[in-house]
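Here come two complexes built around chain A, the first alongside chain B, the second alongside chain C.
Up next is the complex of A and B:
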């Protein structure tokens, strides 16, 4: 994900930090004088600006290059519940740890991939069983897996990917088909030729990834290589969680894996809390809430769904809007140093434009860095810079120059 | 005794950030009810004083949203900070009102000057996205305080209808507020409902209300929006009368309830296009045909 230059930078910085304590010369830099007590009596390093600069550099390196990502994903989670999942080298058992990771993964998956669908298939007794159908509600999956957490028999990768392929072949062509296998066993017990099954997955454009718990297995590696997936083996519990969570953000689009298309969608209104209506999905009289299809005015209980009457895809527009900050990122703020800090307009730029906190000045009592937005030229403090780029994704200054430019120029 | 209890717990101490719509294009046109800006402003001033009187730990910050700019009008924490050396008796409610009024006059003059070279009247709106972003930055500063910070919330008193072109920025602010669990309350004094603020209060767990009679604004503010977050669970507050989940199209910035969504980047369009103007994806390519154009961005 990182470009080559960024990588070099990070490594250089790592090397500097990794110097052993006894290798550094302390007498010269008198580092103890850099410590100071703050209001609550804790020790603090005085050169705040330097620290902040380093942190900003790390954050910028992590942001990396912008990769186009296909966001509508249909993913089957293949969970190995064979005998091997009962082993207790992870606490309380491999199975228990996997269930916790899957729970976190499912929530994160829907947060990062609005409109995407997920289903769970379990592997036990040599067969594959579809535990939950593809759907957009995280709670159903989590509940179903928790209720069926028993392990027995052997695992069959072939059965699992064949079942997943059959189900994934029915979904629309614009979507990305994926499977993620969480594999505890060291062997697979298949009824036929697994290489043939792998080939069929490849032909169906299904991206298969595997996270192993025990050791690297040739057939898993082959499966991932052939289908463009990712194979990794966990060495510890936290490592396992990291590896599984890596699959939550959308993968880089493989050029041919899905066809771009314009999908017709409706953005239904939510009904009043005290309205009574007949829902089309359950055929029951429901009180309060619910969403009304803008096309045929039918009432549905949950989003996203397809309208049962007119077939329009109904989504919640905030769900879509969650990913828009990727499309229109806030420009990286530049640091102002020394005399350039205020350009003589000191009274105007004394306070941070976002939080009204005093900004650092050469010789002033506040230390730290002073940042300027390249688009609106407003000045910000270090904390606001972090908050704006990590959570808010809006520059308050840019929003204020002229609100008409709020949606950035699309020709650009 | 009750004051001692409220001092001990921080969950009923509020830090209220009020976003005030002072857009001259809204208040300049005669409202049907004859509710003038002077009346509106008086009601809000009394409300601010009331919140500060409810608990001496309460904080109020006022941000004005104008036609293009927005600015901090008043911050009770900042005033207290500078006045701590002086006699506490200086801070009479009257002086607070005059400070706010003076700041407001300065702001409206500046806003008007900046506005002359901009769009015609029918393209006017209030700067909700800018003031929400500012309010959230300020709230982050409150939350960074090491010792039991007060519970922050945002109250938006809006008059002008929504500006569809602010859609993405407003939604970004709403999600950020949701992540740090800051409720956004909304009180609409204009004639139209605000879809943005309905969504904001629905997503962040705030209260949305459009008073049927704006002349009674102060009563609505006091009964509904003055209570702290802890006490809200004991009250019968207005229930949501539905949420308008319509979105704005990227091509014309129109509000739509049905549209076309790009399957690659989720951009919304009101009409069918040949290619996505945001990510460059081409929609005419048949499956198995030529490769989709890879955008350079």
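Up next is the complex of A and C:
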């Protein structure tokens, strides 16, 4: 049954009992109603609500309500620049698309994980090369990758994860060790036993994830399964970006490493606009701006970072605040469907509380899902749901309650 | 779960059942109710075995009169899989029924797989293990051993004779391994124990040969009552098995060996005349009474009876002219001499049994009736002469097999004598082939003897051809599709290369460099787009050698190897096993590999390339049989004249089933996914395509017909990406692919 009312439709279920089995098979499976031809002439099932539901399911699975998350991450991006990255099935080439995605990812990563570090390792000609060391500056990584966009030879996953493992083993234990492999190739040419390398990563508590560009590869699946990572394969350029971006929010913490620990941080002040100072990150004389380390008074250009002189972690308070939402997420909105939708209060909830657009209801002309916030009971559309959970990180309904008088109500 | 089909309670050991399994049971039950034969096609990966087992054993529970379930498999490996399923089923039945559950199941195989004697079991071939065992257990050996402690016997056999034969065995499922362990524990011979257990078992699993091959079957099958249900699993090649079972090849070496055997026999006869003339006389008397008397011989001495022989021959007495041992030997000498003469020929000769018998009569004075008895007469003689190393008498046995077959059947056979191999005309290698043309001959006794015979496989299309080939009337013949939660099968028909020129292995095109290059480009593009394992099937060894060579010269092979390692099937079993092993390893570690293999070869028949071991299979060309082969020509003619089966229909049917068999190796379960490329323009023709099994056809969209290399590459890429997405294994929403007990109850009311 691919039609909209799949589980809630009690009456249809009753009626079905009297039907002959074969009749019911047709009645249930009215899939022809949802068919549409796609560009290659193949029939495909199109059901907006179903698609939206699936996407929400995926998001919900990733954002389980009360899991502990690692806020301080050390992640190596393993970028495959082997021969396969030059293929043109993505425009302009896989490599170009990957570079764009990486750029967006790096920014988003530091945005969501202000206290984390990232480095880039490239795979080409059968070797793995450390392009940038772990650091907190997005620009360095982006620049370095842009400057080295050339592809050649084979990829070796073993070399890459071995190199990353060697580097990640040196970082403090409170941090979360991760690698994210963006893999264009379909095979890996390794000098040794890759299964052994996978085992060592697992032992070193490194979470390895892979985003593939072409197809599911057994060894990548194994690597992710063994190390608790996530494996996905992109179907298009935009899908690729989505998949890579999915790795920006902090991952759930593996149970065994979930020990709370304290970390020292500094909140630097913005330097005076007219002061001239030598910045420690570039080693240049800079005019104005920048931030001053509260500990050693060195000047850095960007936040967040680690002070190059005293090694203190330097963050700004908004950064820290942004990290919070991972710890206190907006509750997952519930879907209202079928009969539950027609509880007489429809007139009250014709419009989305977020954007004031029309909401779908049975028989209505708008298709899609209708969602409700479990705390404030306001109704939202699909787009607002995404926006609230992925970007805004607080619910307009709940916010307006707390700003008005009914705050005690909420506490009950 | 437990559910009802009409009034029958079916015990099915799993929580859920696929809809096609349920339907399969319905049809099977109808066939059993009607006490008739049936043909059922259901793709691999849908749990055919457990469906069959659970319905039939449930049927046995209800109908006490019903006989055993005889489950025939092709290989020992398949046999073990069936027994494993049976064990699950037994555990479930016991849980549900307690003491009521009566299941006694066992696997039966030759001594080679069951013997536990430390020396004998170490012998290499089946024949030598048989002979080794006979040396220790023949009645006369044991008789001497009673007085002479130096004569070696088999302790396990003695143990079995002492206690095993009368012991009551606990119920359960006995695999070959269990039998061996059990035998070791008790000190009983597992082989004889298993044969003894058959009469108490209600499920017996063994090889096709035990029912079809007169050289192996016999006593064992003879014990089975009429009410038995016989299942032939993976039976898509059953006609070929039948034909092989009744075909004999005689070469120069065979005849030379036979001559040696005969002089050895003569010596033995002389020896016995002086030492134990009584034995020979006793045999003579026995022969006068007829072969049926053989039943009185001790268990280890009986030879396997020939079920292909009409029953009356067993009641007849052996013709007078071969009753005496010397006479029989000189009769055989004449026969061997005659055959040697025939092998001398310079050109190919081909004739029917009748004309062969005529010339045999006129030139060597050998008549048909006598020939018919050769097989049994020889075994009786060997027994009388106390011959235990039967493997050494292989050659004369072969000649006698031939004689009996020629003497028995006057139609459905042809005798072809070729002075050299077609492919190597300069090397004289004469061979006399008695080839069976009619598959129904070997299986006829099975259909006649047993109440219900079930023929089933993943590929039996077109399903109406099998009843004609095997000459029987099924009460049910059905083909089932696979219910899938996603479109995990992607068959494609590729007709053109990237330059739009047609590709084919048709005779006039196969060596065209353009076609060779286009095939090469296809492979190259695909290995670049498909991860892990890719399997290629070629139409024959010689074609594979040729094209791989050309690819090598064109540099295509080197390019392929940049993407994946290349492994090749050879005619050497050990080498191929090693290649397969390394192929799997390359797939496991992410290096990726291609396996080149041959349709109709060992790999195509028995090796699974499931999951990442086979994401794509390319069938290069249509695997037609070698149509210049004389045996094939004779068979085609026979099929046309006897069964009105059109030559082309048969050839196409045979080629397409082989192709389907090859590509079917990549999908072994529903959670798997794989692509299949039929690379030949001829597949696009309706007459070929429509012969593919339904489960492939239902996924063959119009958009996947008549493709060129780049189009199929595009489809492949898209398919692989789609399959890599997470999916809901229980079937999104309610595309019903799993039924539970409640669902079935609803359907029944």
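For the reader, a short list of remarks on this structure follows.
Just so it is clear, the second predicted complex is superposed on the first by the 216 of 412 C-alpha atoms of A that agree within 3 Å, B and C clash if a C-alpha of one lies under 4 Å from a C-alpha of the other, contacts with A are read in each partner's own complex, and residues count from 1 in each chain.
As a working rule, a contact is a pair of C-beta atoms (placed from the backbone, for glycine too) under 8 Å apart; a residue touches a chain by one contact, two chains touch by 3 or more.
All figures in this text were calculated on a predicted structure; none of them were measured in a lab.
Between chain B and chain C, the partner in contact with more residues of chain A is B. Looking at the shared chain after the overlay, A:174 reaches chain B, while chain C stays out of its contact range.
By the touch criterion defined above, A:233 lies against chain C but remains apart from chain B after alignment on the C-alpha atoms of chain A. In the superposition on chain A, A:157 makes contact with chain C only, while chain B stays out of contact range.
In the overlay built on the shared chain, the residue A:220 is in contact with chain C alone; chain B does not reach it. In the superposition on chain A, A:187 makes contact with chain C only, not with chain B. Within the superposed three-chain model, A:100 lies out of touch with both chain B and chain C [touch as defined at top]. When the two complexes are superposed on chain A, the residues of chain A that touch both chain B and chain C are 40. Of all the residues in chain B, the ones that touch chain A in their complex are 68-70, 72, 75, 78, 118-119, 123, 125, 127, 129-130, 133-134, 136-138, 140-141, 144, 146-147, 163, 165-169, 171-176, 179-180, 199, 202-203, 239-247, 250-251, 253, 256-269, 272-273, 276-279, 281-283, 285-287, 291-292, 294-295, 297.
Remark: chain A residues 1-2, 6, 17, 21, 25, 28-29, 31, 40-42, 50, 58, 84, 89, 154, 157, 186-190, 193-195, 212, 214-220, 232-235 touch chain C in the complex.
Within the complex formed with chain B, the chain A residues making contact are 39-40, 66, 68, 70-72, 114-115, 173-175, 253, 255-256, 258-275, 291, 294-295, 312, 315-318, 320-328, 352-357, 383-384, 387-388, 391-396, 399-404, 406-407, 410-411. Against chain A, in their complex, chain C makes its touches with residues 528-532, 562-564, 587-592, 611-612, 615, 701-703, 715, 717-718, 720-726, 732-736, 746-747, 749.
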